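First the structure, which I've put down as structure tokens, then a few questions once you've had a look.
Per-chain residue numbering starts at 1, and chain names A, B, C, D, E and F are given in the order in which the chains are listed.
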Amino acid sequence: MPFVEISWFEGRTDEQKAEIAKRISEALVEVAGVAPEHCWVKFEDSPKTDFIIHEDSGVRSRL
Amino acid sequence: MPFVEISWFEGRTDEQKAEIAKRISEALVEVAGVAPEHCWVKFEDSPKTDFIIHEDSGVRSRL
Amino acid sequence: MPFVEISWFEGRTDEQKAEIAKRISEALVEVAGVAPEHCWVKFEDSPKTDFIIHEDSGVRSRL
Amino acid sequence: MPFVEISWFEGRTDEQKAEIAKRISEALVEVAGVAPEHCWVKFEDSPKTDFIIHEDSGVRSRL
Amino acid sequence: MPFVEISWFEGRTDEQKAEIAKRISEALVEVAGVAPEHCWVKFEDSPKTDFIIHEDSGVRSRL
Amino acid sequence: MPFVEISWFEGRTDEQKAEIAKRISEALVEVAGVAPEHCWVKFEDSPKTDFIIHEDSGVRSRL
């Protein structure tokens, strides 16, 4: 441990993912003292049709 | 928050997903009073080879 | 399937959870035709110290 | 319940997944007494660019 | 990898969890050839009020 | 999005979690350009009896 899972929209590059994973591992190592080889970072890319945020929906009007 | 994740078999349309996400958001807003823009709904489609339910397996016979 | 997981802040009652689970199951049954006994809904309550949203943090200023 | 989710690298065959799901279900049935039809096993395959383990990174040197 | 997450009802003993984790690791090692020290097994216990299965609900009658 | 979930052993302080969440959000904002208020970071603490790593088990010897 720790196992880190990132759910977001697809579209980022492998380089961005690698850089983010590196910075997350650094944060876990430096702040919490975990062993770096125990930092697993998994990205889950979703198309926008599969990750829905109702910011602009009509849902609010029902409140 | 809330973050809602739905794991199921692939095969549903984008329209079905949008309708389900809308109804889940409505339920969370109306029953629990969360802000609608804080309702994130993520669908994770799996092929049947990756989501295995042993309803018809021989596992039961070992009991 | 489907397995539905809801991550949010703690503080809701069992009655609210039961009502939301019922409405989610109804949406899945009515919109996607899944069997109701295959609708599993799991709530994961977190204290605010364990579910952190940086809406008011100084992070934005670094952009 | 139980819902079992396995996150790993892509590359295994459907036969390997079916065999592993069967053995996990057997373990849950035999050790914990759950009903076999309530054992759901989901595999989440990731490419190596999306599942990053820093075993060989330079992160350690920052400690 | 692999990271295995088991969501189920609370109530099992530590000994049952250890035995199940051991058998899952054995399955992953023997069937898929993963390194045993890379088998992480996490149990997430839920009270019945937080893990809701509508087997006996009135939802079915709406179909 | 993005929703970040960190599964690890219990024992870290709220201050450590806040600092790690801040650094993860910064990484996501700076590297991937996401809005900071869309960075949700959730920690899932587990006791050691619920998060089992077979580093020292006898599983390896069965290979």
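What we mean here is this: a contact is a pair of C-beta atoms (placed from the backbone, for glycine too) under 8 Å apart; a residue touches a chain by one contact, two chains touch by 3 or more.
No experiment lies behind these values; they were computed from the predicted model shown.
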item: Neighbouring chains common to chain B and chain E, by label; value: A, C, D, F
item: Relative to chain A, chain with the most remote C-alpha centre; value: E
item: Angle, in degrees to the nearest 5, of the Cα rotation that carries chain D onto chain E; value: 180
item: For chain B paired with chain D, centre-to-centre distance based on mean C-alpha positions, whole Å; value: 19
item: Rounded Å distance between chain C and chain D, as computed from the means of their C-alpha atoms; value: 23
item: Whole-Å gap between the CA centroids of chain B and chain C; value: 10
item: Residues within chain E bordering two or more other chains; value: 1, 3, 5, 7, 26, 40, 42, 44, 46, 51, 53
item: Topology of the chain contact graph, where touching chains are joined (line, ring, star, complete, other); value: other
item: Chains grouped in pairs wherever the two touch, ordered by label; value: A-B, A-D, A-E, A-F, B-C, B-D, B-F, C-D, C-E, C-F, D-E, E-F
item: Parts of chain D lying in touch with chain B, wherever the complex brings them together; value: 3, 5, 14, 17-18, 21-22, 25-26, 29-30, 36-37, 39-45
item: Of all residues in chain B, those that touch chain D in their complex; value: 7, 44, 46, 49-55, 57, 59-60, 62-63
item: Residues of chain C defined as touching chain B within the complex; value: 1-9, 12, 16, 19-20, 23-24, 26-28, 31-32, 34, 46, 51, 53
item: Residues of chain A touching chain E in the complex; value: 1, 3, 40, 42
